[in-house]
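Naming follows writing order (A, B, C, D, E and F), and every chain is counted from residue 1.
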Amino acid sequence: MAAIEYQDASPQVRSVFDDIKATRGVPDVNNFWKYLARDPVLLRRTWASVKEIMSPGALDVRTKEMIYLAVSVTNGCPYCIASHGAAARKVGMSEEMFGELMAVVGMANKTNRLANGYRVPVDPAFER
Amino acid sequence: MAAIEYQDASPQVRSVFDDIKATRGVPDVNNFWKYLARDPVLLRRTWASVKEIMSPGALDVRTKEMIYLAVSVTNGCPYCIASHGAAARKVGMSEEMFGELMAVVGMANKTNRLANGYRVPVDPAFER
Amino acid sequence: MAAIEYQDASPQVRSVFDDIKATRGVPDVNNFWKYLARDPVLLRRTWASVKEIMSPGALDVRTKEMIYLAVSVTNGCPYCIASHGAAARKVGMSEEMFGELMAVVGMANKTNRLANGYRVPVDPAFER
Amino acid sequence: MAAIEYQDASPQVRSVFDDIKATRGVPDVNNFWKYLARDPVLLRRTWASVKEIMSPGALDVRTKEMIYLAVSVTNGCPYCIASHGAAARKVGMSEEMFGELMAVVGMANKTNRLANGYRVPVDPAFER
Amino acid sequence: MAAIEYQDASPQVRSVFDDIKATRGVPDVNNFWKYLARDPVLLRRTWASVKEIMSPGALDVRTKEMIYLAVSVTNGCPYCIASHGAAARKVGMSEEMFGELMAVVGMANKTNRLANGYRVPVDPAFER
Amino acid sequence: MAAIEYQDASPQVRSVFDDIKATRGVPDVNNFWKYLARDPVLLRRTWASVKEIMSPGALDVRTKEMIYLAVSVTNGCPYCIASHGAAARKVGMSEEMFGELMAVVGMANKTNRLANGYRVPVDPAFER
């Protein structure tokens, strides 16, 4: 199971790699994309979604990257924690923000289980 | 397994309930706290942490509530999704922000598994 | 998707139900077994494992039930939290023990994510 | 915490190892079984279940291995992804099938969270 | 938080609903899509991915639906278990196949944790 | 992202490290604390909770460590499995107890999914 490097990639894959590099202003794509490139359809679809979702909208890019990181930490995905930790720092997450993010993630993971274990019924006020 | 209502609570529990109500400006505490009150030590410790963690710092309260919600959605905790969804809306999360939050959470849960399944090694550039 | 009641069950399924009832000293099996009975092979295999694993050994039954409950709370399985909470109480888990169990489960779910997020390397002293 | 090699194994463990090797036509068992062998009862029970469950039935072996892999990817178990990825390939999973498997696993992990987050009620048509 | 019914939907949302109905040959879309419709961009993007991923390819539709179900069961998403269970049955998953699917899902969830807990290193033979 | 060693730590961090060392009777703190030390507030709060929760109460320390380990194994946190496995052994978990713990954890992770997949409704007898 190997990564697909640019020089070995099909035109279809190269065109996705080129768009990633241009969009992000980086000289090469990171490993995630080189591995996905083994399935060009999956690569194209995933990049199209990531590009659309992670661009600024009602939420700014830093908030989006921090939410991405919070999910990755909760799921325990080592690659994603490394890559989105780096991405979040690149768009301005300070060490202090990271510490607070981790505190919220830890607390939420704790209270999620307390709510499960005590079998707490949803308050009528929270119901749709 | 019942909830502890204010009128049935010990002075120790009432004092926590009073602090929650005063801090949040609400007439009653929500079910989560009424169930935790069955263990007064757990109640006190959990509220002290939540109060400290969820107050504004390097991250604003709305960002913190959205991170809390992202974790709860990832873990699939129905109570927490209901309560922190309501809390996030109360501090200004619009429907548009919620949609973008959900898009990021969904994408992160997807790409976390793609990174797992393709066994992507961490790029040297992301290593500490 | 219906449960299989005793009167509608095949001899193969009845024999498992009979063993569950005899082993546990209960007049009827709980819903979990009635649903599994839709696949008699899965029913037989699962009961054989549960019977063997949950009998006293190096760990007593109450400790085993509390570990079962801790896993179920972590995974957020509502049925399992209800059934193994009841089972643990039946073999002596007090309300105080339950509170401490929940405190440990909550803390572990929190620190698991802190270790993930801070990417803590395993200490040489902990290595096999 | 060490693996138990064949030459160091008790007769009870050797007999399980022999059955694994004969069933799979391999010269040695993989690490999973060598580590489980530290608890001979757990080893015996686990192998008996795996042998029964993973043999062809209403579902063919390749489909079963792909389901195993889908679960392992979702849970993020590195050992299981490596071993069941290899096993699935051995019984005919092509690179193209793997790509589609990953696409489904990624999509399911995404839509599971969208359903959680939007608190979608089950359609009456889906109810048992 | 309400569902968007066809009669209340914008032209953009109606066009997605129409495509879902035509593709699946159903008179109405299920609740999942009615809730996602609150964010028309998320609706469009999610449907486009589902449509592409769940169409027959190297894997047939029934296998894909069973993989979807295996992930949903592992994550404990009640809505998804109900909807993809129904979908899998519609494309030919028999009760016997479902029983075997559940057996594999259960076993994988068990052995994933055994591999974690015994800290089993990946066999060189499985390494890429 | 580096660990904070004692000699580089602020007085605030040193005081937490000193308390950990004194409470546990160890010459140095393990990596978890050295990484958390990057956020002194998170360090202080987390240690205060761990110290309180993991001291003997209605549950003895060994039972608490085994519950901690069961959660860590379920979540698949490599650091936590290594550190709490070591901690549990230090307070008397034998290899036989560990084997039974793993059997229960494996079984619970399996039956949690069977209950999910068969959509088993909670028995009235288990309801609060």
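Assorted remarks:
Everything below uses one rule, namely that a residue touches a chain if its C-beta (ideal position, glycine included) is under 8 Å from a C-beta of that chain, and two chains touch if they have at least 3 such contacts.
Computed from a predicted structure; not experimentally measured.
Shared contact partners of chain B and chain E, listed by label: A, C, D, F.
Between chain A and chain D, the least number of touch steps comes to 1.
Listed here as common contacts of chain A and chain F: B, C, D, E. Farthest from chain F, judged by the mean position of CA atoms in each chain, is E.
Under half of the residue numbers at the chain B-chain C interface are used by both copies of the sequence. One inter-chain figure worth recording: chain A and chain C are separated by 34 Å, centre to centre, where each centre is the mean of the chain's CA atoms.
Work out the mean CA point of chain C and of chain E, and you get 27 Å between them. For this pair, chain B with chain F, the centres built from the Cα atoms lie 21 Å apart. Residue positions of chain A with contacts to 2 or more other chains are 1, 38, 41-42, 45-46, 49, 53, 74-78, 82, 85, 96, 99-103, 105-107, 109-112, 114, 116, 118-119, 128. Contact topology of the protein chains: fully connected, every pair of chains touching. Looking at the complex, you find that chain B touches chain D at residues 69, 73-74, 76, 78, 81-82, 85, 101-102, 105-107, 109-114, 116-119.
Those residues of chain D that touch chain F in the complex are listed here as 1, 38-39, 41-42, 45-46, 75-77, 128. Looking at the complex, you find that chain F touches chain B at residues 1-2, 41, 45, 49, 52-53, 128.
Chain A meets chain B in the complex at residues 1, 30-32, 35-36, 38, 42, 46, 49-50, 53-54, 57-59, 63-64, 66-68, 70-72, 74-75, 77-80, 82-86, 94, 96-97, 99-101, 103-105, 107-112, 114-116, 118-123, 125-127. Of all residues in chain F, only 76, 85, 95-96, 98-100, 102-103, 106, 119 touch chain D in the complex they form.
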